[in-house]
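Paired with chain B in one complex and with chain C in the other, chain A is shared by the two complexes that follow.
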Partner chain A sequence: MNPFDLDETIHQRTRLGIMTVLYEAGEADFAFLKSTLDLTDGNLGRHIEVLAAAGYVATRRGYDGRRARTWVSLTPQGTSALRIEVDMLRDIVGRVQPSQN
Partner chain B sequence: MNPFDLDETIHQRTRLGIMTVLYEAGEADFAFLKSTLDLTDGNLGRHIEVLAAAGYVATRRGYDGRRARTWVSLTPQGTSALRIEVDMLRDIVGRVQPSQN
Partner chain C sequence: MTIEEILQTRVRATRRATSIPLIVVPIGVILVALSPLVDLDFEVGMVVTPVVALALWISMKVTAVRAGVGMGRERYGLIVIVIALVSTVWLIQLALGPAFLLGVLLFFVGWRSLDRGQWTAGAIIAVASPVLSYSLIQTLVYRIEEALTGAVWETAMAADDVVLLLLGVFFLVSGLKRFGRESATLRRRSS
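Here is the complex of A and B:
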């Protein structure tokens, strides 16, 4: 198996960020993801669509007072796919020395 | 700094594979890279162009008997850029538990 045959749906840097933040947060709303990852509405929305279409994340709509909010969380499928991606990254990381700076 | 602000020139999975294999091999020819990473001539050629344009790899042409061969190696700039990328991946890897399988 090609050790670099990474899942592009997750490996893409913004989506890797979204998946890792959701893994840690459990669930996060759009505003949190946007500010944490320094994204625009459009950019975040497109990446969430790709991840939801792959079955890796689920979204939930609700209200905070009168403000509509959208929460995002990893599905079990997303969690295991992220772990497989990170296992492969762990192998790559082990092959390269840390930088000095 | 956004911990997921990875250098797309290196982070793209095929180019990450090329850079890591070159880091380990020191220098490798096209045939070795193609077979190791399961790539086509066109695919490998395009990625090498992107990496060379960024100053991350250098290519050298030569002959093996009468057979023309192209060798590729990391530049010092490429080596340090790879280490920075891998440092960031090391941080991400530390945030996610290994998968059980």
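Here is the complex of A and C:
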């Protein structure tokens, strides 16, 4: 694996955080992502747009009583991209710390 | 801990994914162990197991939705349906004891969520259930009693049921401790 092949869409720190949360949670609403990752509405919305444009996440509108909630989930393509990213990061760590492997 | 591991821990704490299975299933084990007090036999497993499986799914779902997260990638629903269906097979309940499928439920939930504490507890309950359902310990107690006093003292609960009860209480306490740790993780996050 070539470290220069890292996918910039997912490698960006905040987006990697969003993908990690979605992988563990299955799906998450906008408010949970915002509070967990300490982001503003605008900042989170922009990152979600980037990930959705790449086909890595999907959004859906839901209702909790009268309150509208936006749910975000990983697509199969996003799950696969996250796995590749994690494998690459492990590969990089393995090269830097060869004695521990 | 990497930032990704911290996020995973936070999400799992929010979902109460490490504590709820280890609270709900041991409650079922305790109910099964206490069932001789109301004169129920192996058939108690045919009622308690699907109820506990359903209660586990509902509690996980309600906790997740209230927190604004999904049910994770463990596919609890599928495990719950399979266990609830299998629990209607009376031969399994008769041969392996009413707590066996509760142990299997906890084992598969723990295995799917890569939680060693959960799958170990599930395996212990699943192995203990058939061993404890043949009153082997109680028979031994009777023999000792008879040898010492020349009579036996009959009780509604056999010594084997008491051992199962203690197992259930032990795992319930460990589930409650985990609940406390999850709360501490969530408090750290909000502070």
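In this text, the second predicted complex is superposed on the first by the 95 of 101 C-alpha atoms of A that agree within 3 Å, B and C clash if a C-alpha of one lies under 4 Å from a C-alpha of the other, contacts with A are read in each partner's own complex, and residues count from 1 in each chain.
In the analysis below, contacts are C-beta pairs under 8 Å (C-beta built on N, C-alpha and C of every residue); 3 or more make two chains touch, one makes a residue touch a chain.
From a predicted model like this one, the values you see are computed outputs, not experimental measurements.
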First (chain B), second (chain C), both or neither touched by A:F32: second
Touched partner set for A:R69, first chain B, second chain C, both or neither: second
Touched partner set for A:R90, first chain B, second chain C, both or neither: first
Partner chain(s) touched by A:T20 [first = chain B, second = chain C, both, neither]: both
Residue contacts on chain A - larger count, chain B or chain C: B
Partner chain in contact with A:E8 - chain B first, chain C second, else both or neither: first
Set intersection of chain A contacts, chain C complex versus chain B complex: 13, 16-17, 20, 23-24, 37, 86
Complex contact set, residues of chain A against chain C: 13, 16-17, 20-21, 23-29, 31-32, 36-37, 64, 69, 71, 73, 86
Sites on chain C touched by chain A in the complex: 3-4, 7-8, 10-12, 14-15, 64-65, 67-73, 189
Of all residues in chain B, those that touch chain A in their complex: 2-6, 8, 11, 13-14, 16-17, 20, 23-24, 37-38, 80, 82-84, 86-87, 89-90, 92-93, 95-99
